[in-house]
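Please see the structure below; I have some questions.
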Amino acid sequence: MTNRLDEFREYRDRMNERIGEIDHLGIKRFFNLDTAAYRDQALDGKTKELLGLVASAVLRCNDCVDYHLGQCVEAGWSDAELFDALNVALVVGGSIVIPHLRHAVETIDLLRAEEGAAE
Amino acid sequence: MTNRLDEFREYRDRMNERIGEIDHLGIKRFFNLDTAAYRDQALDGKTKELLGLVASAVLRCNDCVDYHLGQCVEAGWSDAELFDALNVALVVGGSIVIPHLRHAVETIDLLRAEEGAAE
Amino acid sequence: MTNRLDEFREYRDRMNERIGEIDHLGIKRFFNLDTAAYRDQALDGKTKELLGLVASAVLRCNDCVDYHLGQCVEAGWSDAELFDALNVALVVGGSIVIPHLRHAVETIDLLRAEEGAAE
Amino acid sequence: MTNRLDEFREYRDRMNERIGEIDHLGIKRFFNLDTAAYRDQALDGKTKELLGLVASAVLRCNDCVDYHLGQCVEAGWSDAELFDALNVALVVGGSIVIPHLRHAVETIDLLRAEEGAAE
Amino acid sequence: MTNRLDEFREYRDRMNERIGEIDHLGIKRFFNLDTAAYRDQALDGKTKELLGLVASAVLRCNDCVDYHLGQCVEAGWSDAELFDALNVALVVGGSIVIPHLRHAVETIDLLRAEEGAAE
Amino acid sequence: MTNRLDEFREYRDRMNERIGEIDHLGIKRFFNLDTAAYRDQALDGKTKELLGLVASAVLRCNDCVDYHLGQCVEAGWSDAELFDALNVALVVGGSIVIPHLRHAVETIDLLRAEEGAAE
């Protein structure tokens, strides 16, 4: 059974591949820079994924929220920690963030269900 | 000698006091909620100040950046860690964040100069 | 027959309940503060729902627009008054608001159809 | 003694005149449309100035906040009503609005001081 | 076979007609001003459609991106030129623009497929 | 006699140099990518500076507007063409862009005065 996360990942992979085919040097370098920003450096990658999540939430981008939640769950953040980070996003960004909070909580539940099914 | 950080803090304190006098229950509760969001909970306050910094940078609010940088320095984040967090903000938010990156780096230098003078 | 408003309300109720289960004190207090902001105080609740509508439209959040339109219709604003408020949002926010104006007008029509069916 | 409101008004008038000299038909028509949006229609102008204020606050534009506050005071809104409207903006837009709330409260005080001096 | 572009156009036409029926003078004049902004003047319409595309992309509005891409393709911009414009939007607006870049590239492919089918 | 453009350029150069000293690989690569985005490729650099100007105006960043206006004037765009581009930004972004339009027109006048003084 596919869910909206599977569909998002399939679409994301397919379009990233298509964007790669375009072969625009600037776009390719931007994608590399984006990936590199979340690697261990002065801050570890785990912390930076949480920064990416909160930035995505206050800028109100559901696809970005879903992507960073996947990374955050993989990096080992607990639900309580993710909710606490989303609370910062809610206070900074206001009630306009609430629809994205709903989306984020649903995504966390979907990600945990995947973990459960994988065990 | 006063600098722009001192002026910002003086203005911020004076206007927060004036807003307190207004005595609007909703506004007072919002300010309390804002303060509470950065306390140790599932995440520690130090991590949440860094989340507040990145949220402020991508939403492009210099006053908010200055406030959270002050908190981050007090919480013990190093320059290298702050620059690494600001790099995440830059990649997420794009070149439109650059003027705020300049402002943030100048603020970090002012904050470190204050630390040096205090020793 | 369900429409997109019914689906939105069902999703909104379900996820608000799920967010309540999370039991994060900050998030719960934010939701209470959000509800309280639209109660009769110095301004009456009817006027504040219109403020909420225009804020939602210029910030370009369809879910928020739908929620506040429901509240505005219940509070007794006429179509002509709602369109006049949306015109302010359009002028302040520019053509980027037009897709949300289309959405809002469709929502108003759905809400009026519900009123007609209820009589 | 001039204050920042006087300076803003002088700059605004001077640049609006300069923009008029440019004589771009689209820009001139936009300015007319902007003025017309706040006239009495289905909603009265007084209500629409309050909508303009909240839209300006959540979009975080101090010049726009100052302009609409001037119009709101002239239209007869009380301080308590303006603070209540700004509370809606704060809840919708989040803590990122706080620097603009500080600015708005200072502007209200300046406007009331002008009223006192005029009597 | 209909695709998402057909659905968007049908919805857009239907709701624009509905908005016309509302007969709000301000809204009607805004729509006229919007159309007029992309006509040949000091800049030709072709260049201005590209400006509209980049403005839509950095403000992250998929409907606006789709509309301006349709106009840009009709005006004769090549894929390579459109990708180069989207790269500017990506650098200015940051990784938060990436989901809209994916959407835009898919729309360009749909528009080119329509051109192929029309020949 | 210095003006605000001179001060902006001095500050921009000084802080860019300071950011270079930080020696963060990601930030350095972002600055390179930003510069590269406006070079002649499928689109010529002159057109891309105009895209950068409109993107900066709708995202409401005065420093970015000033930077791209300097580049646009150097690239040979006339006042009439710049005003026509700013009109697109005004229609897309709404009246919230007006304070930035005032700033942009003043900057254009300062840039032309520099050209006159240089002859």
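Going in written order, the chains are labelled A, B, C, D, E and F, and every chain counts its residues from 1.
Going forward, contacts are C-beta pairs under 8 Å (C-beta built on N, C-alpha and C of every residue); 3 or more make two chains touch, one makes a residue touch a chain.
All figures in this text were calculated on a predicted structure; none of them were measured in a lab.
At the chain A-chain E interface, residue numbers used by both copies make up under half of all numbers present, so the two copies contact each other through mostly different positions. With centres set at the average Cα position, the gap from chain E to chain F is 24 Å. The geometric centre of chain B is 38 Å away from that of chain E, both derived from CA atoms.
If you average the Cα atoms of chain B and of chain F, the two centres end up 27 Å apart. With touch defined as above, residues shared between interfaces to two or more other chains in chain C number as follows: 26, 30, 33-34, 37, 41, 55-56, 58-59, 64, 83-84, 87, 90-93, 95-96. Taken chain by chain, the contacts link every pair, so each chain touches all the others. Every residue of chain B that touches chain E in the complex is listed here, in rising order: 58, 90-97. Of all residues in chain B, those touching chain F in their complex are 60, 79, 83-84, 86-87, 90-91, 95-96, 98-99, 101-102, 105-106, 109. The touching residues of chain A, counted against chain E in their complex, run 11-12, 15-16, 18-19, 22, 24, 26-27, 30-31, 34, 55-56, 59, 61, 63-64.
Every residue of chain F that touches chain E in the complex is listed here, in rising order: 33-34, 37-38, 41-43, 47-48, 50-52, 54-56, 58-59, 64, 78, 80-81, 83-85, 87-89, 91-93. Against chain F, in their complex, chain A makes its touches with residues 25-26, 29-30, 33, 36-37, 41.
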